[in-house]
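This is the structure I have questions about; it appears just below.
Chain lettering (A, B, C and D) follows the sequence in which the chains are written, and residue indices restart at 1 in each chain.
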Amino acid sequence: MTLDCPDQVGLLAKITGFVAEQQGNFVEVNQYTDTINNWFLARFAFEVPEGVTLETVRTAFAPIAVSINASWSIRDSSKPLRTVLLVSKEDHCLADLIWRWRSKEMNIEVPLVISNHDALRATVEKEGLPFLHIPIPADEAGKETAFRQVSDAICDVSGELTVLCRYMQILPGWFCEEHHNRVINIHHSLLPAFAGADPYRRAYDRGVKLIGATCHYATPELDAGPIIHQEMIPIEHFHTPAEMRRLGRDCERLALARGVRLHVDDRVVVHGSRAIVFGD
Amino acid sequence: MTLDCPDQVGLLAKITGFVAEQQGNFVEVNQYTDTINNWFLARFAFEVPEGVTLETVRTAFAPIAVSINASWSIRDSSKPLRTVLLVSKEDHCLADLIWRWRSKEMNIEVPLVISNHDALRATVEKEGLPFLHIPIPADEAGKETAFRQVSDAICDVSGELTVLCRYMQILPGWFCEEHHNRVINIHHSLLPAFAGADPYRRAYDRGVKLIGATCHYATPELDAGPIIHQEMIPIEHFHTPAEMRRLGRDCERLALARGVRLHVDDRVVVHGSRAIVFGD
Amino acid sequence: MTLDCPDQVGLLAKITGFVAEQQGNFVEVNQYTDTINNWFLARFAFEVPEGVTLETVRTAFAPIAVSINASWSIRDSSKPLRTVLLVSKEDHCLADLIWRWRSKEMNIEVPLVISNHDALRATVEKEGLPFLHIPIPADEAGKETAFRQVSDAICDVSGELTVLCRYMQILPGWFCEEHHNRVINIHHSLLPAFAGADPYRRAYDRGVKLIGATCHYATPELDAGPIIHQEMIPIEHFHTPAEMRRLGRDCERLALARGVRLHVDDRVVVHGSRAIVFGD
Amino acid sequence: MTLDCPDQVGLLAKITGFVAEQQGNFVEVNQYTDTINNWFLARFAFEVPEGVTLETVRTAFAPIAVSINASWSIRDSSKPLRTVLLVSKEDHCLADLIWRWRSKEMNIEVPLVISNHDALRATVEKEGLPFLHIPIPADEAGKETAFRQVSDAICDVSGELTVLCRYMQILPGWFCEEHHNRVINIHHSLLPAFAGADPYRRAYDRGVKLIGATCHYATPELDAGPIIHQEMIPIEHFHTPAEMRRLGRDCERLALARGVRLHVDDRVVVHGSRAIVFGD
C-alpha cells in the first residue's frame, strides 16, 4: 500500500493498527513526513493470511482513508506489471530491460514494443515479443494521429506502464496527461543540466567533469518531470562527445532499469514536482 | 528510542500505539526485520508535549519492553554526547571532528583529548580543549597500566563515546569489552581487505584500483568489529603508497565523521557482527 | 605499441624520435615510470602513412628495443581481437559482452562460446555464435582432460583472449600459464576481500557497506592475478545476500566489460603483480 | 612546463629531444591532442642536473616555442605558490585549505586572508595568518572601490592565485580579467545546473537525486568559467535544503581542495571554455 495525506498526530498508529487487525504481517514499512509542506507519505508492504483478499483489505481501509483525507492504492506485489516499451533506433536500454524481464529480475510483462522505426524489429521479435512500427511524421497533424495510435495500442494491451527506452520523440502534452505518472523516460544528462537535444555535445563544450543520466516521469514540459533516479560517471578532458555517448550508455541503461524497478515495486510516490522514493 | 527484539506480528502497531498514547508525534520511523534471524530492529524519533519527561516515557514503556523481550534505550536527542578523542601524531581526523564540533554540525561535547604523543598538544589546546598525554610503553605490563589510565580518564569525564582518530595503538581486549559499542575506530582500508598494519602499502603491492576507509566499533579482535560506514576512492597505477596516504586521508576523515555522526544520532543498532544503520 | 624496460634518461626522446622518423603521427601517448622499481612503461598510439606496414615498423624498431632491453609489442588497432567466452549458467556477463560485440562498441570477434553446462546454448546460438558444451567432471583426471579440450578448442579458433563470464570452475595452473595474461576473469567481490566461494554471503555476514566486482587476469593462485578494473556499489543493512547478488550483477558486467575493453585496446601492461592501466 | 600550440607531426619528439639535450630526466609526461580543434596541449615534469637554472632552460626553449607557435610556461615546482584566500562567514572551505597548507599537503604559502565580514578574524589569526577586513558596500560605486582595494591587496602581497572559499560576492568583470585564470571559485552545485543563488533550495524543489560542487575559474560571466573539478553525493527525498547544505559542505571543501591542488601543481591548461586537467 502506498499512501499520502495531510500530516497529523497518530497516523502511523492508526494504519499499523489497521494492518494488525487484518492479521497482516509487515515485511517493510517506509514513512516520510515532508515537514515543509506538512505532508505524510508512506509505503507499507505486508502479508495477509490466506483467505484475506485484496478486495477485503480495500473495503476495510476505505473509511479510514476518507477520515484522514488520503490518496492511496493497494497492489498485489506478486502480479507482474504490464509494461509497454517505446524505442527508436538505439537498443542499449531496450536490450537491458528485455534481459531483466527475461531473467525475471524485474517483475514485469512486456505485451508490446512500439517503435517509430523498423530497425529493431528483428531484435525484438527474436525475443518472442510483439513489435509494432508506428512512424511519427514531421507535421503536427500527422504527429497527432500517430501518437493517438501509440496511446490506443498501449490501452489495447492494457499497458499499466510505458517506458521510453531512448525514444527520440517529444510526446504531446495530452499524451503525458492521459498517462500521468505512468510514462517513464530516460534523459542522457544530469537534469536539470542539459535538458533538450544533444546533451553530450553540450557537456563537452561546457567542459564538465561528471556526466550522467536521469530517469523521470514524462510531463508536458520537456525533461521537467519528477526525477526517480540518477546515475553519474566522471569523465576527463580527453573524452570526446562520441566517447561520452559510449560511457553514457552504461549510465542510461542503469538509471532507467533502477528507476523502472522502483516504480514497478511501488516504491515511488509523486508529490508535486518531487518523487518520494522508498529505496530498496 | 532504539529497540531490538524477536520478531512477531503486531510489534509496530504496539509501539506506535504506545507513542500515540503518550501524545508523541513521530519525526522519523525506521524499522528493519532481519528475516534470516527473525529479528525486529527499529528506531523511533518522536516529540512529546511539554511536561512529559524522559523518565515518564521510560517508566511507561518498561512493561511493554518486557512483554516483547526487547533491548531498548531512549535518549533526549537535544543533549550533546560526551565524546573523548584519542589520537597519535596525525591530526587530519582530529582536526575534522573538532571543526564539526566547533561548527555545531555534530551534536557532541569534547571533554578531553588523549594522545600517546605530546605532538598535538598545541593544536588541541588552541581550540580550548583539555589535552592529556598518556604514553603507551612497549612492554605488556606498562601498556596495561597505561590503558587503565586511559580508561579511567574517560570515566572521570563521564565519556559516553570514545573515538580513535588514527590512534595507532591496539586496544587491550578488556578495554573494548568495558567500552562495548562505545569505541569507534577508523581503519584506512576497505575492510575486511588489508586489516592490520600498513594497508596502503599492501594495496599498492596488490594493485587494487579502489582504496578506502572503514569506520567500525572496536572489538577485541583487531579490525573485525561491526562496520558503521565505508568510503572509497578510485586510484590508478601511478599512485604510490604515499599518494594513497594523501588521497586516503580524505576518505578517512569523511568515513569517521559520518560514522560518528550516525552513532551520535542513535542511528546504529548492533546485532551480532553487523551494524544496522538507519541512515540520514 | 606497448613497451616496458629498465628506466634511463632519454628513453622518451629515443622512442618518439623513432616514430617521427617513420612519419608516424601520435594519436595518444601514455607513459609511466615506476620509481620504486625504476621501470619505464609506456603505450604509444600512432598513425603511419599509407605504404608503411606493421612489418616495416617492427623491423626498424627491433634494434632499438634490444638496445634498451625492452619487452614490447605492436598491434594494428583496426583488427578485432579474437575473443573466446567461457560461461556456466548465469548469463548476465555473457549477454552484456555479446551486446557490446554486436553493437561494435568493443573491437572483438567471438569465434566461440564454451560452457560446462548446456543451459545457455539457445541464448548463444540465437546470436549466430558457435556454442561448445564441454562438461567438467568432478574427478581430477576428468577435469584435466576437459580443460585440455577447452584449451585446444581456444587454439583451434585462434583465440587471442579468453574471457571467463562467470565461469564457475577453477582453472588448472597449467591452463593459466599457457594462456598467461590472456585469460580475464570477473570475481564478484572487491578483491582481495572475499576471494573464493560465495563472496556475497560472506559480505553480508561481515556487514560491509560497499560491495563490488573485480576484473583481473587469471593466474594459478585463485583470485590473486593482476587487477585490471574494479567497480563498487554502496549497500545497506537490509540488503540480503540475494539482493546483493542482484545489485552485484550490474557491477560484475560493468567491471568485466571495462576490463576487457582496456585489454582489447592494448591499454594494460602487466608488471609483476600489478596491472598498469593506461585508461580511456 | 605546460604548453599548448597548433598540432603538427613531430612535436613530441622535438620537445622531448630538447629536454634530453638539457640532460633533463622526465618525472611525468602528459599530452593531449584536441582532435576537434587540432590543438596540442601538454605538461612535462622533469628534473635537471645541478647547475642548470630555470633561466637557462627558458632561454634555450624560447626559439623552439616560437617555431611551433606555442603558449608556454615553466615553473620551479619546489617553490610554493603565493595564494590569497577570500572568505565571507562560512569557514568550512577556509578551514580545510588552511589545514592542507599547515600540514604541507598543498604546496602553497598564504600571505593574506581577505573577508567582507569580520566574523572569521579570530579563526584566521589563531593560525598566524594576516586577516584583512574589506567590507563590500551594496552600491555600485562603493563596490567598485572595495574590489579595487581587494585587487591591490592581492598585488601588494604578490599573490599568484586567489581562491574564493565561499566568498559570497559577485566579482566585477574587470577583476576576473585582471586576474585571468588566477581566481578559483567553488560553486555549490553541479554546474551548469543551478548556477546563481541558493542552489540547494532549487535542487530540493527540482527533486534531484544527486547534488555536488564545482571548482572553476572565475570569469566575468557568473558561474560560467572553465571547470577544474566536480564532486557529487547522492541524496534522498528526506534531505531538506538544510541537510543538503550540510552534506554539500563535504563536497565543496573536497572539490575546492582538489581543484586548487591541480592548479598549484600546474596540471591545468585552459583552452577556450574548457580546462584540460592532467590529473594526479
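We take it that a residue touches a chain if its C-beta (ideal position, glycine included) is under 8 Å from a C-beta of that chain, and two chains touch if they have at least 3 such contacts.
If you're wondering where the values come from, they're calculated on a predicted model, not measured in any experiment.
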item	value
Pair with more cross-chain C-beta pairs in contact, given A-D and C-D	A-D
Same-site or different-site touching of chain A by its copy chain B, using the half cut	same
Chain centre separation (chain C, chain D; CA means) in Å	38
Geometric centre distance via CA averages, chain D-chain A, whole Å	41
Touching two or more other chains - residues of chain D	28, 238
Overall pattern in which the protein chains touch one another (line/ring/star/complete/other)	complete
Contacting residues of chain B [partner chain C, same complex]	32, 35-36, 190-194, 204-210, 212, 226-230, 232, 234, 236-238, 240, 273-277, 279
Chain D-facing residues of chain C, complex	9-10, 12-13, 16-17, 19-20, 23-29, 31, 33
List of chain B residues in touch with chain D within their complex	28, 91-92, 95, 99, 103, 105, 126, 238, 243, 246, 249-250, 254, 257, 280
